[in-house]
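Okay, structure first, notes after.
Per-chain numbering from 1; labels A, B, C, D, E and F assigned in written order.
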Amino acid sequence: MSTPEHLKWPADAGCTAVPYSVFNSEEVYELEQEKIYNGKTWNFLAAEAEIPDKGSFKSTYIGDTPVVVTRGQDDEIYAWVNRCAHRGAEICRERHGKSEDGVYTCVYHQWAYDAKGDLRGVPFQRGLAGKGGMPKDFDKKQHGLRTVRVVNYHGVVFGTFSDDTPDIESYMGEDVSHHLKRIMNRPIEILGTTRQYIAGNWKFYSENTKDPYHASLLHLFHATFGLYRSSQKGESIVNNDFHSILWASSGSEDKVALDDMKKDKLRTLQTGEYELHDPSLLKGQQEFDDGVTLVILSLFPSLVMQQIQNTLAFRQILPKGKDAFELVWTYFGYKDDSEELRNIRLKQFNLIGPGGLISMEDGESTELCQKAIVRDGSRTNVIQMAGKEPVGDDHLVTEGLIRGLWKGYQDLMGF
Amino acid sequence: MPNVTTPELKSEVEDLLNAYAQCIDDDDLENWPNFFTEQCLYRIIPRENHEVGLPVAVIWCDSKGMLNDRVTALRHANVYQVQWYRHIISNPRILSFDGDEIHVQSNYAVFKTCNDGESTVYNVGRYVDVIVRDNGILKFKERSAIYDTHKITTLMVIPI
Amino acid sequence: MPNVTTPELKSEVEDLLNAYAQCIDDDDLENWPNFFTEQCLYRIIPRENHEVGLPVAVIWCDSKGMLNDRVTALRHANVYQVQWYRHIISNPRILSFDGDEIHVQSNYAVFKTCNDGESTVYNVGRYVDVIVRDNGILKFKERSAIYDTHKITTLMVIPI
Amino acid sequence: MSTPEHLKWPADAGCTAVPYSVFNSEEVYELEQEKIYNGKTWNFLAAEAEIPDKGSFKSTYIGDTPVVVTRGQDDEIYAWVNRCAHRGAEICRERHGKSEDGVYTCVYHQWAYDAKGDLRGVPFQRGLAGKGGMPKDFDKKQHGLRTVRVVNYHGVVFGTFSDDTPDIESYMGEDVSHHLKRIMNRPIEILGTTRQYIAGNWKFYSENTKDPYHASLLHLFHATFGLYRSSQKGESIVNNDFHSILWASSGSEDKVALDDMKKDKLRTLQTGEYELHDPSLLKGQQEFDDGVTLVILSLFPSLVMQQIQNTLAFRQILPKGKDAFELVWTYFGYKDDSEELRNIRLKQFNLIGPGGLISMEDGESTELCQKAIVRDGSRTNVIQMAGKEPVGDDHLVTEGLIRGLWKGYQDLMGF
Amino acid sequence: MSTPEHLKWPADAGCTAVPYSVFNSEEVYELEQEKIYNGKTWNFLAAEAEIPDKGSFKSTYIGDTPVVVTRGQDDEIYAWVNRCAHRGAEICRERHGKSEDGVYTCVYHQWAYDAKGDLRGVPFQRGLAGKGGMPKDFDKKQHGLRTVRVVNYHGVVFGTFSDDTPDIESYMGEDVSHHLKRIMNRPIEILGTTRQYIAGNWKFYSENTKDPYHASLLHLFHATFGLYRSSQKGESIVNNDFHSILWASSGSEDKVALDDMKKDKLRTLQTGEYELHDPSLLKGQQEFDDGVTLVILSLFPSLVMQQIQNTLAFRQILPKGKDAFELVWTYFGYKDDSEELRNIRLKQFNLIGPGGLISMEDGESTELCQKAIVRDGSRTNVIQMAGKEPVGDDHLVTEGLIRGLWKGYQDLMGF
Amino acid sequence: MPNVTTPELKSEVEDLLNAYAQCIDDDDLENWPNFFTEQCLYRIIPRENHEVGLPVAVIWCDSKGMLNDRVTALRHANVYQVQWYRHIISNPRILSFDGDEIHVQSNYAVFKTCNDGESTVYNVGRYVDVIVRDNGILKFKERSAIYDTHKITTLMVIPI
């Protein structure tokens, strides 16, 4: 399916102006499922730690296509579309679990598959007492499940439907892979999951995770306690257009920048007015030598990895139609965490997730946008902070990463 | 375990549960921390984590101070749309009472109403409480809201 | 204000609240006015009006006669689709008792089921009641249903 | 409206492969309402016993068009679309009831119709005091309700919108009419109704009721207690492509077939492991001399009639969009049932309906399919058990009836 | 966007027959948003009394486009689309309130606007410590909010998106403006609001408010107590096709007409059978010298103003898709009301609103229609009471106002 | 009929109703039959049948054995998606007590949560119970769940 004319991008818009229709069109959504999620992209499936043993499996999605990721008896990781080759029933019906015998049986007629998705058993294939059964020319090999190409990159499992998707490292780019490896530097331990259902288009959230500009203005808790400020030392990095890294060091502070900020008289800075009754919340540990206290790694289209203070998490973006997406948070630490550090993480999780003191507003912001753009689909937003190029910068006062997102998006979508 | 409690105690426990719900529903959040002891544990936990032994909570406060900080934050820092809760609390059961700690369990349903005026089933689950007497008044030493509703719509800012 | 009531009174109040709900849910509406005193005030008020001090109510009856007229109207004049209510009432609290008037507050959720068979959250809010003893029987001198659910689906014909 | 090109069936698919888009397309759904429900099909409206008296009526649907079936003062049965000829309001607002005077009055402006759907009264037709009123040329005869062609076949009332639909007996075919008459052999008594709302495409359920293959594999309760097994004596019959009969005798058992079944080591057979604490549930009566204990009569598109042990029921399929349908169960016995037999039926209803120990999985299976086919609409399922022809067989190890369904479906839809 | 061929009106239908598809088509709904709500119509925004002070604001909609109406520091009234010019977030997040400093700040990145919708502040516009910031050529003047043309007509605030919409008085016409001024003859006091969400197309409600025919037949309470009857003295007036006035005097009664009515033996007249236990409900005051006790002013597309006995209210119609709309009731009295009169109004509000003894059926009627017209989109209703012309009359036995509605609708929509 | 019961009995009845709900919501179904007497009647009945005198029930068990068979079936035979119930029980009323049988009525709302994490209003209605003392413990001799929610979503496998 080629891109319909009436969906084409405004000629002059480039990557600094996005027509609102892109966030509110069923047609665009359908096209995204084909060109993005079914196309040349790597999608987050699971942390390897979520499927630790032979027979472990997890149900998830690529876009809105249900997919199961498994660990075979050969200890390899596989994935396939969660749809029986017989008459289309969902095969795996739990979120995660373990298949002791490594067999995945559809409940409807008990066709049985292995972890690879190959068809192993068809009840009554040869009939009963010579009656019925499948045709002689029926070949099980021709009736496996639709498989997904999988890679396990430093403990993070990705999948793609396309054979043309470049290898994972070239896909993500140098800085993104560096930061992924930085966080995944040793075995992790899954600490739990939460799920948020947000009534906004998934791309508003993609923008949000590439937007250092909002961080110091929307998240007042964040800003007030100096966990992050655009005036801090940090960087905004674009890799391959639509992937990005944001990092900052809360210690450092550029005084001049801070003064400039204060000039703006924003409701951002409430320092003094506002003190924690229980400061233990922010008593963290400096666990990385580079002194970086905040990293937002945004790997298009479905993964955000984060370090904020001592909190570590995967955020998986699952589109659920043009005006909703699910955000799945998977929180983790390291296998070798001291009990003290583990408790620090558990307490600091108050900062992130659906009730996160500094992250709850991100979901809110996507809903604010979705509500406001129901009409005027041909009008556009304005993405010009720090210029008009789809590039990063050595600071946090830019929308360059968002411009990168839209440049890459237009290419993929054939807009 | 047999229920060794007097009707008076039972009624007192119910009053605590009810007053707590009313405090939140009436948006009297500044008073909410006063339902807890100084040293306390308040958690909102997804049942799917709880059942497999994973510790992550949406909100995790282990001191009255942290409860107060939550209230300050939602009043002065956090950004969210106007929303009202309505708690329906059901079948409280006193599971044990050793003369000191009262272990209580109850079911709850919280309905959320935003500006569009629709009341939706926002969060259902059960409270697991440890209640003690503090200067003559019953307070929560521990209160865990273990929720079934994994799908949290938009965000969770007001305590359950 | 301290709760100066006996368990007996508390139980009697709960019975009144429960019997009231059952009366409506069982479609025994002809009996509904009998839960009120001759001179009474029954109102269904949107919380958004109540909180800014605006007086408008969806239903406003200041006599038992008006309650009876509501019932006659819905039986003989008004046109609406078949619908059933199901009241869930939660945490009644006796806020004060001066020996005469009992001031009570409770939460409620009303589910509506029409011919399509789906039960929806129709109206949630709180009851604010003034209860008195009338010939030995507790009755509502005032009952206000202050509802969160601004978005009233279709119409409101059966009392809350 | 002719069938759009892009909906056409895959050239080579025939009746052994169905593209998943057929279950998940608004366009297909709209087309079905026109070509199937508004076309040459007979649709179940009611059991005659549901409208026993003059003035009795019942509200139901043909597809998703609201229809009322009535019994007139002349004791004839009629049906019409439940939409006032004046300004389109729903006229009949109860599920069923009785109009004592045989008049059906719209509440909006009180236009009054009789059981036939003819317009009888128009308030103020001649105005008030010479003012207003309808034009002189207004002719009530021209403003009746849209009527439905009705037939009462052995106590089962069917309706069609098309004058070209063949008479009911040729429509259903020999075996279907035989089995309908077998069950409707004497006056029935309605025992009650339940309604299920299932989040799946209605055709998944049609497949399900023509599928002896699943019966012994999905319904473990069913199989375990030998109420039904594919190894039992029975038959699969196709009439006019999309109607079908499945019957089996629980007494009989083909030993060879049973052994073949056991070879498959399916989780189907738990005999021994599993015993009823209260066997009274299955203590039924042999009420038909032919020894047949299970009959599933599937009359496309909207009726399934069943005998399972001593349970008798109509199942009406009401589509509610591309991904949902309502299943209305109407349970019955015979007017001359002994109290004992009546109680047996009431107890055995535990086996069927929304909570039926052997039927609850059928709704579940349609939802499993619907969830799994949201994408890959051009991919197809595989329907080859017992060959590739749309025919029945003298056994229960076949998908031939489902192939018949799809052959007939393609003809009707112009695919 | 021009009107697609397949939506065109049936050639011969004119204004006496409306194809049901008009009430049940997404395409038509989208077109209405463009041609009606974004076109040459004046839409009710607020009563001036709802935004009494400098800084007062109210959030509402024009069609389904979110709009904010404000009172500036210059005491003028303004309105703009509630969507930030930066990245599209909703700016004003309360239903109504007061901005003390007259500034409206988007929470996402704190871009600040004034009451006019002009952009006043952009955080970090000049960057921080020389880093980042907006491009030199960024001109705040070019990035204000999308504004709405506003008029305050005798205390009622209207807005339009089109510069070509005629001035408000020529738009509404003579009689409509007369009756608006009659009600708005002195300062009003807002007494409260209620909201109804009705599962019907908004145009069914437009018809309803131009339909004296239904009033005496659907609303039995109404009729029984002679608050209104088609036999009363009154008038039906059309202004500019789709605006209308209905008025009646409950005192007056045309005996002949009443007798004619009785002849019809309608379930309308239950006088005698039915008495109020508490007559205080209907003990009103004659507050207008003209003796008119009922006025329904219907200003297409979004406002209905009413006087029924001593009840005064605005009803705002907000479409929410093809099959739902919200009806917002704003009840009022006059600033100089005696306490007695105020209490009469509060008590008489029992007659109107979502639980109104004589108005609850109006919402119901639109749902009855919506349920019934899901199919047969090319079939039409019949609008011939009092002839076939889109005109008013000196009585209340007509559908002429509804014919006017459809004549005007076809013109606007290009049907 | 006058309520001739002691507060103790009332409290004991409430404990039974609450424990029953908790048993189901905690998925402790193997214990569910123990809330009934050996000879018992448990039914889940659509209100639309009940009101016109039609006998059909969705689940109909007239012995403790049948209750156990239901549990065995749902554990070992039936196929359905993972789902949790959450019972909210409201206003229990003791309608009569003849020293032997206690006739009790209450309202209930059951919320269902499946893997998608959304909690929906699955089934609302009322319990009509006959309770007796069996070896000192209150048990259900009869329990009928008469539900308003005709539209059963997907299926009904877990008891109400």
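Basically, contacts are C-beta pairs under 8 Å (C-beta built on N, C-alpha and C of every residue); 3 or more make two chains touch, one makes a residue touch a chain.
All values reported here derive from a predicted model rather than from experimental measurement.
> Can we say the copies chain A and chain D touch using the same residue numbers, with more than half in common, or are the two sides different?
different
> For the chain pairs A-B and B-E, which is connected through the larger number of C-beta pairs in contact?
A-B
> Which chain is most remote from chain B in terms of Cα centres?
Farthest chain from chain B, going by C-alpha centroids: D.
> Among all chains, whose Cα centre is located farthest from the one for chain E?
Measuring from the centre of chain E, the most distant chain centre belongs to F.
> Matching over half of the contact pairs by residue number, can you pick out the copy of the D-F interface from C-E, C-D or B-E?
C-E
> Roughly how far is chain B from chain D, centre to centre by C-alpha average, rounded to an integer in Å?
48
> Between chain B and chain C, tell me the centre distance in angstrom, where each centre is the average of that chain's C-alpha atoms.
Between these chains, centre-to-centre, one finds 27 Å.
> Indicate the whole-number Å distance between the mean C-alpha point of chain A and the mean C-alpha point of chain F.
From the centre of chain A to the centre of chain F is 43 Å.
> Check each residue of chain A and list the ones that touch at least two other chains.
93, 95, 107, 195, 197, 218, 361, 365
> Going through chain C residue by residue, note those that touch at least 2 other chains and give them in order.
7, 79, 81, 88, 90, 109, 117-118, 121, 150-151
> Return all touching chain pairs.
A-B, A-D, A-E, A-F, B-C, B-E, B-F, C-D, C-E, C-F, D-E, D-F
> Can you tell me which positions in chain C touch chain D when the two form their complex?
The contact residues of chain C facing chain D are 79, 81-82, 115, 117-118.
> Would you pull the chain B residues touching chain A in the complex into a rising list?
44, 46, 48-49, 54-66, 68-70, 72-73, 76-81, 150-157
> Using the touch definition up top, name the residues of chain D that touch chain E in the complex.
Touching chain E: residues 33, 38, 63-66, 81-91, 93, 105, 107-110, 121, 123-124, 126-129, 131-135, 138, 143, 146 of chain D.
> Tell me, which parts of chain E touch chain D in their complex?
Listed in rising order, the residues of chain E that touch chain D are 20, 23, 207, 213-214, 217-218, 230-231, 254, 256-257, 260-261, 264, 266-268, 361, 365, 368-369, 371-376, 379, 381-388, 393-398.
> Which residues of chain E touch chain B once you look at their complex with the stated criterion?
93-95, 107, 195, 197
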